[in-house]
Amino acid sequence: MKKKHLNFIGILLILLSITSVAKAEVSAETAYIFNTFSFLIHGILVMLMAAGFAMLEAGMVRTKNTAAICLKNIALYSIGGLMFYLIGYALMYPGEFNGILGIGDIFYDPLESEIAGEPNVEDGYSKPSDWFFQMVFAATAISIVSGAVAERVKVIPFLLFAAIMTAIIYPIYGSWTWGGGFLAEFGFSDFAGSTIVHSVGGWAALVGCLVIGARKGKYNQDGSVNALPGANLPLSTLGTFLLWFGWFGFNGGSQLALGSAADAAQMSIVYVNTNLAAAAGVMASIILAQIIYKKIDLTLALNGALAGLVAITAGPDVGSHFVAIVVGAIGGILSTLAIPLLDRFKIDDVVGAIPVHLVGGIWGTLAVAIFGGGSFIAQLYGIMMAGVLTVPLAFLAFCLLKYTVGLRVSETTEDSGVDMPELGLQAYPEFKH
Amino acid sequence: MKKKHLNFIGILLILLSITSVAKAEVSAETAYIFNTFSFLIHGILVMLMAAGFAMLEAGMVRTKNTAAICLKNIALYSIGGLMFYLIGYALMYPGEFNGILGIGDIFYDPLESEIAGEPNVEDGYSKPSDWFFQMVFAATAISIVSGAVAERVKVIPFLLFAAIMTAIIYPIYGSWTWGGGFLAEFGFSDFAGSTIVHSVGGWAALVGCLVIGARKGKYNQDGSVNALPGANLPLSTLGTFLLWFGWFGFNGGSQLALGSAADAAQMSIVYVNTNLAAAAGVMASIILAQIIYKKIDLTLALNGALAGLVAITAGPDVGSHFVAIVVGAIGGILSTLAIPLLDRFKIDDVVGAIPVHLVGGIWGTLAVAIFGGGSFIAQLYGIMMAGVLTVPLAFLAFCLLKYTVGLRVSETTEDSGVDMPELGLQAYPEFKH
Amino acid sequence: MKKKHLNFIGILLILLSITSVAKAEVSAETAYIFNTFSFLIHGILVMLMAAGFAMLEAGMVRTKNTAAICLKNIALYSIGGLMFYLIGYALMYPGEFNGILGIGDIFYDPLESEIAGEPNVEDGYSKPSDWFFQMVFAATAISIVSGAVAERVKVIPFLLFAAIMTAIIYPIYGSWTWGGGFLAEFGFSDFAGSTIVHSVGGWAALVGCLVIGARKGKYNQDGSVNALPGANLPLSTLGTFLLWFGWFGFNGGSQLALGSAADAAQMSIVYVNTNLAAAAGVMASIILAQIIYKKIDLTLALNGALAGLVAITAGPDVGSHFVAIVVGAIGGILSTLAIPLLDRFKIDDVVGAIPVHLVGGIWGTLAVAIFGGGSFIAQLYGIMMAGVLTVPLAFLAFCLLKYTVGLRVSETTEDSGVDMPELGLQAYPEFKH
């Protein structure tokens, strides 16, 4: 009896410990809600980056091309969402779909159980919330291209390229990495996409600039460069702030979970490191510009913020805040130095997308190995493969467009600006300019 | 003894199952926090839609009326909040108040228990968080009117109308539906307010345009139309992006709960459908404009996004993403087609509020019956009653203002712009225009 | 046996009650996640206030100084983050650090356990999330100064002052209050920083204006004042809306917890009161301006919103919504009345930072005692000590800069605008002005 009694006490104690575990831990359903809400809230922050890119670019082009860049930005975000629904997601995460290729397998749709309000809590998060978060990343990749090729690309061909980018190019590289493909298995590490989003976008921007060519009047015969200053720098400043704000969703949400204290703690580190890297990018660019050009250039400062953000994106979780500052500062320095380099090769990138996203992205991805202890080889391999995939595919796509519908506006249109001939309106019809 | 022993084991097993339920489920207090936080976060997203409307409209009016539209937008959001506090909420949700009409019953105030930090967890959410979420919807309804009647309405009479709208008109219709009134009982279904917010706002805008009349110089004697293009389209683009961003709060928050996995899963579907409908609205408008006008019109694309958003608002929870795309695309098409129709009747809607909010809202409300399997009759009845309530009340209010304080600025003021005579300042004093 | 049996039942009942407690309550880890997520989300809302200040100020200066104000705003937010990391946080919260002064103790860094993903749930929240939330407050304090001294301050000296402000001045006053210092012990109560952030920033702005002097052409010999109107009021409107939006983070996040229903309920009251105070500030300013100047001044309305927000910041948790309306309205009235008063003393505050943040902050801090029942003496003492600390330190810093690197641009630069000489670019190069 005594023994039995003890047995009971023992069972009770076990039970008690389970109960107190229940008090201390996060229930599976609570974690499901946290994870889902994190995808949604961080997803809309990334969505707002589309507005950030739109304003950044609208401020950096000339008035005569401003309406076109606005249209391109809202259209590319729309196309990105639709293409990722129609094709992209299935290509990037093939494991999420069953059966052979067919309409039913390509189109992404929510689970019946989720529509019915009976989700499977064991999934850990709602599938549509994850889809939403993945979709806004695809849209970001094409946002990067938009500014680089501005002021001379035809609107419709650009939008066709946006469709190709978000339906095929970005998802294929994504499938190699976040989709669990060979680069993931090789040990390539890219927390929120310095390479996967930003370098892929940056490579496509570079190819676009090469295929389309520089704007009329940008480069002189003697190799000297004419500044073609942006028309509305407060808008570019706003755009940069919106991008910075949205980046907390980009990097913070890439923790991919919020259902445990460990996730919340690491997400906090990601937020702080993201902010410090951007701040360091700004200050490094300002100081470097002061040294080189004896001026505090506003556009360099804005791009410094973005380069710092791109650079920290591959490893905002690595930990030390001091390292984040170093990574961001070097990002700002490299992007500042890359601008005259591009000009030397007559690569006319209107907003500095290549210095920021390609150069910053490569640096940030390498920095993970340098400061985070990952494999340098794996990082280099991943960086290389982004170029190996994106450059020929983007080249093919741009050339296909060039020799069919045409890629570049006529000289007359370029002189008058894209807005009136292609859109039939002006961005600032009343302002004399 | 053996039996007793088994009894104990049985009790222990029951207990264990309760414990594991505790581990799997969301506690009542955790659900309370989730529900409350959802109201707050989604509420501020809707609040930011006030900024979106302000920028959309500021970009679509001419420079000489830009400061007035800015003032009207910040003032109407303020008035909306104050009126909904003083009167609107009590009218819309009479069940939340006790006693006969009197100051104490009209003014909305938090519960003593909530102020004291001892909320009743059984309520499921904090009352002020719900009030906040309801208030921003009232403000949205009047935001819709503001742009339509721009450039010729006097500022103070418009603000008086804003008070009437948020204190009386919107809350009465809201009481019939979300307040649990006869339309709710009839089976009328409007998830986040295609009709309740957007059509009601759209009807008021239509009445306003009719009572006030078209702008000088908009329509010629021969029936032809003069474009009076907006002065700053990047601002309109920004405004549209802010509205799109805020709409995740509008529709996502209208799930009204986040305290269970089922709610989180359905909220995710709402987010995805909201985004896809907007994207489809953009693309449908772009393609249609290309077909009709041989131009990719930026303002039509922006309104296409908004029409897609308005259209999906009645049923973003219905489920299939494909349906959301169809609903949004048709919204974009209808709003694009409605613009020349309004011009034929010389209804001068400066920003296209009627095509977007009234036409898009009616379509979206019907679409719930078409795709979601609800009652077509109930939907039609709700749509009709929105007009039956709003049109005479708005007409009465506008006429009352017209024949007392006056509703329309003088011809001289209209020529010179509203800004200098009414505000004593210019929006862009240095820019030549 | 019977008794034992009862004992078992008794234990089971206790256990059952614990279990149901587990079902009703928030687990420690769930609370940790809520608290952390609240710091992060509310923190980024405050971060966006930097964009709000940038737009507010960019719209209120003249075109020739717009790029400089944009640069100052993105740089000061960057400097704020870096300085708070390097020095500020350690000064403000000395208890969070061990050992004697030294590099290791000053630099703020996440805990090893948090990097390792093994946070201590007992902490209640992740330390970096709290740091992030504190950091954005430091940045806000210097944002306030930026607009006041615009259009004649040199860029680099201003940025040096920003470093001093966020590294030393703000953190010292913060340590006296939120850091648990003598003002906290004295009973000084300032929920989210009417005095701690806004008055401290306002005092520094006042000192800056006095040391630097008024803009050329602002005041005539006979004491009359020339309006130097802002160049882009839609941007200022946007900035105000962004500040209002971000203020929900500023005040809402200052609840400092979201891990219980009580916290969620009080946070809701904070949101509602914040919104109503701002709305009342707008309407009070509009009505007062109509009475005094017979005009509805847009910039006064915008500043009325901000003054209402600053005023409610000290006590948004006090409870009654009606009180919040009164506090906000008086804030709007006082800030409107303070503007001509400053002009009488030839204190040239470009954006009205002193009326809004200093006057509004003092009023709001006193209002806590008036309406919330706190100690009037303690509030007065705290208000006074903000001046006693900030005025001499800011004076010292500004004078140090004035007599070394110089604080004010040359007359030629002031005439031509700061943008070309200091930044080498123009904000709106194509717009004729």
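Going in written order, the chains are labelled A, B and C, and every chain counts its residues from 1.
One rule holds for everything that comes next: a contact is a pair of C-beta atoms (placed from the backbone, for glycine too) under 8 Å apart; a residue touches a chain by one contact, two chains touch by 3 or more.
Predicted model, so just to flag it, every value in this text is computed and none were measured.
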item: Interface residue overlap between copies chain A and chain C, same or different (over half shared); value: different
item: Superposition rotation for chain B onto chain C, Cα-based, multiple of 5°; value: 120
item: Centre-to-centre distance between chain C and chain A (centres being mean Cα positions), rounded to whole Å; value: 30
item: Residues of chain C whose C-beta touches two or more other chains; value: 8, 12, 15, 19, 22, 25, 27, 30, 41, 232, 238, 428, 431-432
item: Of chain C, residues touching chain B in the complex; value: 5, 8, 12, 15-16, 19-20, 22-27, 30, 34, 38, 41, 45, 62-63, 229-234, 237-238, 240-242, 244-245, 248, 252, 258-269, 271-272, 275-276, 278-280, 282-283, 286, 293, 295-299, 301-302, 305, 319-322, 325, 428, 431-433
item: Of all residues in chain B, those that touch chain C in their complex; value: 4, 8, 11-12, 15, 18-19, 21-22, 25, 27-30, 32-33, 36-37, 39-41, 43-44, 47-48, 50-51, 54-55, 58-59, 66-67, 70-71, 73-75, 77-79, 81-82, 85, 107-110, 114-115, 117-119, 121, 126-129, 131-132, 135, 155-156, 232, 235, 238, 422-432
